[in-house]
Each structure stands twice: as structure tokens, then as C-alpha cells.
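Take a look at the structure below.
Labels for the chains are A, B, C and D, by order of writing; each one numbers its residues from 1.
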Amino acid sequence: MIPGSYFFILSVILFILGVIAFFVKRDLITQFLSIEVMLNAGNLAFIAFARALNSLHGQVIVFFIITVAAAEAAVGLAIILLIFRQKKTIKSEDMNLMKG
Amino acid sequence: MTEIFWLIPFLPLLSSFILAIFGRTLPKKYISFQACLAVFASFIISVISFFGLLKISQESYPLIKSLFTWIASGSFTINFSLQFDPLSAVMAMVVSGVGFIIHVYSVGYMDKDKGYSRYFTYLNLFTFAMLLLVMSSNIVLMFVGWEGVGLCSYLLIGFWFEKDSAANAGKKAFIVTRIGDLGFLLGIFFIFVHIGSAEFTAINQAISGGAVTQGLATLIALLLFMGAVGKSAQIPLYVWLPDAMEGPTPVSALIHAATMVTAGVYMVCRMNLLYTLSGTAALVVGVIGAVTAVYAATMALTQNDIKRVLAYSTISQIGYMFIGCGVGAYSAGMFHLYTHAFFKSLLFLSAGSVMHALSGELDMRKMGGLRKYLPFTYPAFLIGAIAIAGVPFLSGFFSKDAILTQAFANKQYFIWILGVLGAILTAFYMFRLIFLTFQGEERLEPEAKEHLHESPPVMTIPLGILAFFSIIAGFIGVPAVFGEKLNWFNKFLEPVMRPGHEVHLSIQTEWLLIIISVAVALFGIYLAYIFYIKKPQTPHQLNAKFPYVYKLLYNKYYVDEIYNAVFVKPVVRGSEIVYDNFDLKVIDGAVNGSASVTGLSGKILSYLQTGLIKDYALVFLFGVILFLGYLLF
Amino acid sequence: MNFPILSVVTFLPLAGAVFLIFVHRDRKNFLRSLALAFTLINFVLSLFLYIHFNPQTAETQFVEKGPWIGYGINYHIGIDGLSLFLVLLTTFLMPIAILSSWNYIQKKVKEYMIFMLILETGIIGVFVSFNLFLFYVFWEVTLIPMYFLIGVWGGPRRIYATLKYVLFTMLGSLLMLVAIFVLYSTYYKATGVYSFNIFDLSKLILNPNLQLWLFLAFALSFAIKVPMFPLHTWLPDAHVEAPTAGSVILAAILLKMGAYGFLRFGLPLFPDAVMKLLPVLAVLSLIGIIYGGLMALIQKDIKSLVAYSSVSHMGLIMLAIFSLNIEAIEGAIYQMLNHGLSTGALFLIVGILYERAHTRQIKDFGGVSSQMPVFSAFFLICMLSSIGLPGLNGFIGEILCIFGIFKTSKLLAILGISTVILAAAYLLWMFQRVMQGPIKNEKIYSFTDINKREISYLVPIVIMMFWMGIYPRPFLKRMDHSVSDLLNKVNRKERIFIQAEEDKKALTEVNNLINTEKNKEMEEEAK
Amino acid sequence: MAHFLFFLLAIVCVGAVVGMIFSRNQAYNALLLVLAFAALGGIFGLLSAPFIAVVQIIIYAGAIMVLFIFVIMMINLREGIPPEKKKWTIYLSAVLAFILIVELILAARGSFQALTGPGGEEIASPKALGKLLFTEYLYPFEITSILIIAALVGAIILVKKKEEE
């Protein structure tokens, strides 16, 4: 059997990589992608715990996360597309409309 | 039949109500018919009830009709109930009787006015309020009538509201009398708190039972008198009455003769036990009355406006009534009120007739020699003037004499002297009025002369009736020298005015006093004759000699100006200053100041909002770390 | 009665609002009629409350209870003599307010009507809640629609006015929320039971210091709403900017919530604190009376004049409430109704003028009476009612208030009675400048007299004015028991408190006595 | 065998993500992530969650990532965007990321034991999952479907070109 800790560590590594990617990258799409990475890291942790606890609920939650991620991706990408259409750029530092 | 006395005030009210709602659609003829009929019916009922009253024994006075409980809250219980006793009977008959005549006169006078139905609505309402005032069985309900009268005077004085002066005068009347009402209201509260009831019978019982101390009686009496001073236009609150001339003339007649200004006198008479108990208050009443009587008369001397002269004369005459009350001769005061109602309404209506003839002209300097153009108005006016001047055997003579005699008998010589002085002045200014208006040379404007005409019968017949009563009304209160039994009026009122300080003088003294007052009246008339007929240049000479006196009198002692400068202006200006500096700057400034401080700090903090998603994420990450750290350690 | 009539009266407008959501926004007249119908039906329903109200008891009636969130947060509504007429006033004025905005509101009719209906539910909810939490919820609910009514349909400075209004009110109500929870936890600590029920809470005997702070928090919130001097500055701004119906509701009903709050919560919950602060509160009310009157005298805008007159009138009501006797409090409640009618009517009248002239500056008018005689009559009656002329409603309330104040303090009554003159002065002066005199402004010649719709909403008010002035018994009778019950609560509690103090004193004295006796004995023994 | 498979998939997965960090081409980024997610799907399979594994591959790696690629193609930037230049942000985030790692591992420490229990298909079978989804999680399930529709409509309206333009 593979020890559960392996999975957790993998999940942590993926999550941190996602975080780093988010800060290092400057275009919205890749930043969005790194968010997906983080989401998947979370999914992995869920499944691993579900396995560890012998429960199906974790899997159900992952199922929901995936669905929500699909919805989120659709809307998010639509927004990015819209931004691109208007500003002709997807650099995240160009988006500072909310500056106080 | 006496039981239906409670209908007296409500008939005019009903009529007023109908007119208020449907008046605009009803034909003029019907309006005047209904309005007059309602008041006439009231008069008839008062007369019937009056005779009913004579038939029953004095012990059953007053008749009380309780209609419903009006206010009931805690200890504050007020019934809507009316009472009928000799005092109310006299007042009700005077009010409805003279009121009816004035209604009839108005039919002619207001014929061409566009506010015809509105006028009669108000007039009926006025009659109602006054009747309620004199017939209510408790002081709170009396206050209702009291205020109602004030309201109607406001409405009627400001009847021609398109004129600024009329609107102003109405407002002034309402507010000035309200200042007095404030004292009245406080007096009511004192009565209620200390006596526990507002019913007159209970109050009188408490007073005669000794439940009221003299100090309390003085306090209450003075507070109530404050109301009377306002309503009855005495010093210092008389200023509204001369301006009240802005209303239609019949209204002036109504205010001056039958309603409104007599309310104060009625109230003092109604509460006579209280004033008798507190000698001080009675003295104050007498002195204010006497001073007002002379003071107002002096102002009447120089006025050129025919109605203003009459207005000051009213103030002066009301002063006489208060003299009567002040010296304890309440029935004498009431008697003067009763005779005054006739001759003063006669004078006003005649003046109205003159105005009618001259298309609204009021300035006596533009009249003169009207005698031959107004064959009916002139004698009517003359009778009124003789009556008010106190020439023997007309009504004014009896009543004024009764008051002065009582003042003398009660050893209030100061008041008596003022009274006599006032009598001279009265005779003088009334005949000045007559001479300037009806006698002497004509000073008419040419176009006014063209329209000159005597009034229609609907106006002259009321004048005739009033003139008749001005002559004979005094004979029900003949002085004691002509026979003890003859003073029927006093006797009738006795159950209400329990004998106070009425002192009887020896026959000789009384004769002497009568002779003095006759002499005084004739002297005043003679003086006027000299001034205005014989040597018409005298007034001008006097003016030249004493310019300041003339100016002072002509400008009514500058009282209006002084009140304006001392009370009105500072309040308005002060409020403006407070509003601009305190309300807007301090209070609102504090509010807006705290708002701008908040806004400023928000602005400073908003620099943290870079709008860059990465910075937010960084903060977010930081937060997550902190949170996780908190969970772990 | 099993039929939950009170809940229906409370929530029917809300249901109406939900219903209106589904109507298309262009069907303006349909929207208006629908809103009118809902409010009218609600008024008719509320008449049942009046008819079935039992005046012989101080108990709350039409009580409905139900679980809601738990932890003492329950649905608990009912009415008694204090709130009955305020509920009726609300249901009475709402259709009038909607009628008055028939033509005036042309943009966003749908939203407007929805907000009006929500507002009605909120206000009635405030008056019927007996659960503090529920009360607070309703209290805040009234804020939101009013915010929009002023902010969307208001005059040129509406944003400023509405923000000021909301921030002022919020400031007070947040402190009140804190106080509510302190009270709640104190009760829980004392009894181990969660409760927001005010009858439970009023049984608490709090220590005076805590009571003082809690009362201050409550009082601030209520005083802002009333508004008491010097917290009144939001009122003129809000009134001037609000649309007519907004002003009417604001002046006629929302202000009453403050005074009602004092009666329902302030007095019974914290009697000792009330006693302690009585002089301050009375003096502030008195200042409000005179100050409001003087400020009204010099206003140039008719609406802000009426607004300041509200400050003055509400001052009298507050002074009467703090006089703590039955005449004064009944007078105060009565005066609240009067003020609701007369000031509401005055705002309607200003609205009618505004619809014709598009200005509210007094100097722009003059001689309107000759163009609009019928209108002038209505104006006159409403004005006289506000002045407190006998025969109209204002008099009854005023005389009861002042009499009650007089019983407690002669000096305050003598000073407070100046309102009688001030009210006459500022209203008559305004009436003269607006309605009387020669016509100064060309525009006035084009004014038309009021139409049937306008008459139809003024007539009920005028009828009520006469009724309440001539035969106030049905109203006063229904208040009697509740008011005396309230006073009992206030007084009894005070007595218990004093009793406790005295007991303590007596106890220490006895202890001292025993100690000295003992000392003596010991001294003797020592000898 | 399982260990080998796990390490292989883990390395592929981590490698793909690291590759994404260094690559400047968005299309490559997306494709790398397809790879990473597919590998993750395999790991799910190892954790005896066959249904989720399949969903992961079909929906995530298949559908969602393809959506990304579509958008990348639509935007079609000639040159990639270079990574962050502001050094302090990177350093700060690196420090924070490190702390996060430590914390996360500490947090997961309690579960550092071997996966015990039967595991097996009988528990984690799609059938069981389906049952759970349609009984206990029925309402959330239905609500998600509404969510997806809403997102769909929302996305379409957002991107739709206005007619008047």
C-alpha cells in the first residue's frame, strides 16, 4: 500500500506550485490555469482523505468541485475574453479599475 | 320648552356646516335665508328659554344639559355640556339678537361680494362659537368657544385676503389674542389641578366653600384675565382691534358689539366669585379697565378713519365694563355690555352704510355734510352717538352711570376720575365724528358724489331696529334714585352675581353723580361743537401748539412700532441668527464634520486598494497563513 | 380568533410587493391601482383590529407566537392600547400616500410602489413586535425603502439627504443592537433562559449603572428617530428632498416610531435610568419645542418649515411622555396621531402646491387662495389642526399633553405652552404669505384647483381631524388600560428599587446596632 | 507496482506544472496542464476512486482545458508575456509559499499513516457514488445543474457581441 502521506505531500506540492505560478505569471489566462492547479491539489487531498477515512463523501465533494470548476472556467474565460476585447491586453497589472 | 335651550348654539353650527359644504352650489337667496333663519331661530329659542327661566325657581339654576363625555383621560374629564342661567340667557339673547340683525344687514352689504357663501359660513360659525362660549357649563368648553371666536375673527377680518393689510390684520388678531389665551389655558389647569373640576358649578362651590385660598384665587383670576385682556382688547393686548377694521363692516359690528370682545367681560362675570375672593385681581381688572378707557379714548381723538374711531371707542367702552367688574359691580358691567351691544352695532352698521354710500370711503376728511344725502343713516348714527356719549335716557347713559356710581361708591376714586375723564373724551370724539361726517362743508371727491345714495331697506331696517333698542334698552336697569324696584336687570342677574361689593349711596350723592355725568357728556359734545363747527380752525391751532402730542396720538403712541421692535423683530432676527450660526454651522457642522472625517480616513485607507489582483492575492495568502498558523499553534 | 389577522395586516403589503414584481413595468396605472388596492384592503383589515379590540384590558391582544430562529428569537406579535392606533394610522395613511404620488411619481413606478409596500410592512412590524429581535429587524427594514424613496425619487440634494438620514439612524440603531444583546445576555445569565420577549426582559431588575448605559443606547436610537434636539438636523434635509409621499410617511409615521420606542421599551425596561435622566430629557424636549418653533418661523422653504414644526410638536410629545402621568401619556399618544394626520396633511398640501408651481419657496407664492378656493379650505383646516384649535384633533392632544406636563411640573408647562403661540405664528404667517395677499407671481394664474383625486385623499384626513377633535372617547378609552399598566410598570419598578436601597440601609443600621451592643457587652465582660 | 505507478504519475504531474511555470507560451501551458490533470486522474484511480478518475480525465483534462485552449486561440497573442519583473513580489510570495508548505505539512501530519481499511471497488464503486449523489446529495446535485446552466447562459451573454455595435 502507498502511505497516505505521499498523496498529501503531492497535494501540498501541487498547491504550492499553483501559488507560485499565480505570482510569477503575468497573463490572466495562465494565472487562471494556476488556480485550476490549486483546485486540483485540493481535489487530490479530498480523495486521499476519503480513502483514508473510507468514506464516499469526499468523492462526492470532488465531483461537485469539478462541476463548479467547469462553471467557473466558463464564466471566467468569458470575462477574460471580454476584457481582452475591450482592452486588447490580458496583462493582469493593466487591470486596476478597482484602484481606490 | 326651556329644555331645548341646548339647541341654541347648534342651529348656526348646522347652517354653517351646510354652507361650508354646499355653499358654492347654492343660490344666494337661499344662502342668506338659511343663515339668517338659523340665527333667528336661535334667538327665538333663547327668548323662549329666557321666559322659561323666569318661571322656574332660582334654586334650580343653572339648567344643565350634558350632551356627552368629551374628553376623559385620567383625572381630566370634560363633559360636553351646556348650561342656561340668567347670565347665559342675557348673553345668548344679545348675541343671537344682535347677531341676527347683523346677518340681515349683511345680506345687503355683501350682496356683490364673490365670497358670499363663505362669508355667511363664517358668520354663522362665529355666532355658534360665541353662543357656545356663553352657554358652556365648564371652562374647558368655554375655551373651545373662546378659541372658536378667535378663529372666526381671523377668518372674517382676513375675509378679503387678497389685500395684504387684511391678511395681516387677521393674523395679528389671532396671534395677539392667542397670547392671552395662553394665560387662560394655564388658569384652566390651575383650576383643574386645585379644584378638580372644570364645571362652573363645582368651581363656585369650591370657592364659596372656602376650598380656594386667596393667593390661588388671585393667581387663577389674573391668568384668566390675561385671556380676557387679549379677547377684549385691553392694554397691553388691544393692538389687534383697530386693525380688525380690515374686515367687512358688519363683521366689525359683530366683533365689537355682540361677540368676541365681550367674551372677556362675560368670563370675568362668570367667574365673579373668584374675582371677589381675590381683591387684588379685581383691583387689577378695574385699573386696567379704567386706564384703557381713557387711553383708547385719547387715541380716538385724532383718527381720521371713521371705523378706527369706532374701534378705539370700543376698546374704551370695554374698559368701562371692566371698571364695573373691577369694582365688584358685575351686573353693571354686564348691563353696559348689553346696552353697548345695541349702540355700538348701530354705530358700526351706520358707518357701513356711509361707506356703502361713498363706495368704500373711510376717511372723514373726505366726507362732511352728508346729512342731506343720507336721511336715514344720519339720525341712526346720531342716536348711537348720543347713546354712547351718555346723554340721559338713552341706553348708554344708564349703564355708564351705573358703573361710575359703583366705582364711586366703592371708594375707587382714582378709577372714577379716569372714568369721568373717559366720558368727556367719548362725548367729544363721537361728536367730532358726527360733525366731520355729516355736518359742515362737503369735502367729497367728485366721483364719489355721483354714486352717493342711501342704502337699501335690507340695511336701513336693521339700523332702525338697533336705533330703537339703543334708545329704550336702558330702561330695564334704571338707577336706584328713580326707585329701588326698577332695576330689574340687577335683580335678574342676582342669582349668578351673588351680591359683591355693591354699596348703596345716599340719594343726594347719587343725584350728584348723575348730574356730573350728564354735565360731562354735554361738555364733551359742546367742546366738539366748538372745535369742529363754530371754530373749525381750533384743531389746527392746537396741532401747531402741541405738535408732539398730536403726533403721538395720531400714531397711536407708537405702540405697534414698539411691539414690533421689541417682540417681533428680535424673535425673527434672533431665530435667523440662531438658524444660520447654530443650526447650520454648529449642529449640522458637527454632523457633516464627522462625516468628512470618516470620508478622509476612508480616502487615506483607499490607497491600499491598488486594484491589482496580485496584491490582493498576496494579502489573501498572508491571511491564509495566519489563519492556518492560528489553527495549528 | 384563530384567524391570524395581525400577521395578515403586517405582511399583506409585503405580499403585495412580491406580487408587483411580476407586473410589467410599463403598466403604470395598473401598478398604481394594485398598490392602492393592497393598502386599502390592508386598511379595511386593520379596522377589524379596531372593532375587536377589547378596551377593558391592558393585556396584549391578537397575540401570535411562533418559533423562528430559536435562542429566544421568536415570532411574537400583538397589539395593545399603545400600538393599536399607530398601526391604524399607518394603514390609514398608506393608501393616501400612494394616491398622492399617483401623478407625481412618473419614473420607476414599479420600484416606487414596491418600496412603499415594503415600508408599510416594516412600520407595522415595528409597532406590533413584542420580541426585541423581531422589533430590531423591522426597525431596520423601514430604513431601506425610505433610503431609496428619498434617494431615487427625491429632489436635487437627495443623495446628501438620504445618506444623512440613513447614517444618523444607523448610528443610533447599532448602539441599540448592542444594548439589546447586553440585555439578552444579562437575562440569560440571570435565569438561564434565552429570551428576547420584552415582558420577560422587563422583569429584570438591572443594576442602575448598567441600566443607565443601556437606556442611553436605546434612547439615542429613539431620540434620533423622534428627532429630539440636538439630533434633528437630518429631518429638514430629508423632508425637503423626499418626494411628497415620502415626507408624509416620514413625518406622520416614522417619527412616531421613536416616541413609541420610548413608550414600549425605554420606560418599562429601564425605569430607574429614566428617572435619573428625566431632567435632561425633559429639558431637551422643551428646547426642542421652542427651538423647533423658532426655527420654523424663519424657514424659507415650506417643507422645511413643516419639518421644523414637527421638531416642535414632537418635542411636546416627548415632554408629555417624560411627565409620566396618565393624562400626559395618553395625550402624547393622541398627539402622535394628531401630528400624523395634520403634518401628513400639510406635507400633502405642500406636495399639491409643488406639483403646480414646481417650487416650495414661500416667496414664490402669494394669493393662491383666490385661484384655489377649495384647496385653500383644506389647507386652512389642516393648518388649524396643527395649531391645535378646539374642535379639531390637535386641541385634545395638546391640552392633555400640557395638562399632564402641568401636573408634573408647572414651570415646564408654562414654558412648553409657548408652542401654542409659536405654532400659530409660524403657520399663520406662512399661510398668509403663500395663500393670501395679492397674486405676486404670474405663474399662479395658471394654477387649477385641486382635482377629485386630491380631494379624495384629503377628505378622509379632514373627517378624521373633526372626529378626533369632537369625539375622542373611542380613542382614549382604548388607551386607558395600557397606559395605566405602563405607568404601573414604571412606578412599581422604581419602588422595588428604592425598597431594596432602603432595605440595605435598614440592614446596615441593624447591623451597626448589633455590633455596638456586642461591643458594649464585650466591654462589660472585660470589666 | 502501485508505488511505481504513483511515483511515475506524480513526477509527470509535478513536472508538467513546473514546466508551465517556466514556459511563456500559453498554448503550451494549457497543454502541459492537460498532461498534469490526466496524470492526476491516474492518481485518483490509485486511490480507488475510479469514477472520479474518469471524470477528472474527461471533464477536466478533456473539456475544461480544451475550453482554455479555445480561448487562448481566440486571443492569439503573438509573443508570450514574460514572467514577473518585480522581484520583491516574487521573493515575498516565495517566502510565503515556503511558510505555507511548512504549515500544510504540519497540518497534514496527523494523517501520516498508511491507508488502511478495505478500500476496494465495492465501496467506491460508481454505483455507490451514484446512490449517494441521488439520495443524500440530491438537492446540491440539482442546484449544481442550475449553476451550470446559469454559468452557461452567463458566459454566452458576456461574450455575445452587442447588436448595435
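Here, a residue touches a chain if its C-beta (ideal position, glycine included) is under 8 Å from a C-beta of that chain, and two chains touch if they have at least 3 such contacts.
Just so you know, these numbers come straight off a predicted model, no measurement behind them.
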Winner on C-beta contact pairs when B-D is weighed against A-B: A-B
Most central chain, judged by mean C-alpha position against the global CA mean: C
Chain centre separation (subunit B, subunit D; CA means) in Å: 95
Centroid distance [mean C-alpha coordinates] between subunit B and subunit A, Å: 91
Centre-of-Cα separation between subunit C and subunit B, whole angstrom: 38
Whole-Å separation of chain centres (CA-atom averages), subunit A against subunit C: 55
Contacts with 2+ other chains: residues of subunit C: none
Contacts with 2+ other chains: residues of subunit D: 89, 93, 96-97, 100, 104
Per-residue multi-chain contacts in subunit B, two or more chains: 614, 618, 621
Chain pairs that touch, as defined at the top of this document: A-B, A-D, B-C, B-D
Interfacial residue positions of subunit A with respect to subunit D in the complex: 1-10, 12-21, 23-27, 29-30, 32-34, 36-37, 40, 43-45, 47-52, 54, 56-57, 59-60, 62-64, 66-75, 77-82, 84, 90-91
Subunit B contact footprint on subunit C (complex, rising order): 163-164, 167-168, 230, 232-234, 291, 294-295, 297-298, 325-327, 330-331, 367, 369-370, 373, 377, 384, 389-391, 395-396, 399-400, 402-404, 406-407, 413-414, 417-418, 420-421, 424-425, 428-429, 432, 435-439, 470-473, 476-477, 479-480
Touching residues (chain side subunit A, partner subunit B) in the complex: 19, 22-23, 31, 92-93, 95-100
Contact set on subunit B toward subunit C in their complex: 20, 24, 68-76, 118, 140, 143-144, 147-148, 151, 154, 158, 161-164, 166-168, 170-171, 174-175, 178-179, 181-182, 185-186, 189, 192-193, 571-572, 574-576, 578-579, 583, 587-588, 591, 595
Subunit D partner contacts - residues on subunit B that touch it in the complex: 614, 618, 621-622, 624-625, 628-629, 631-632
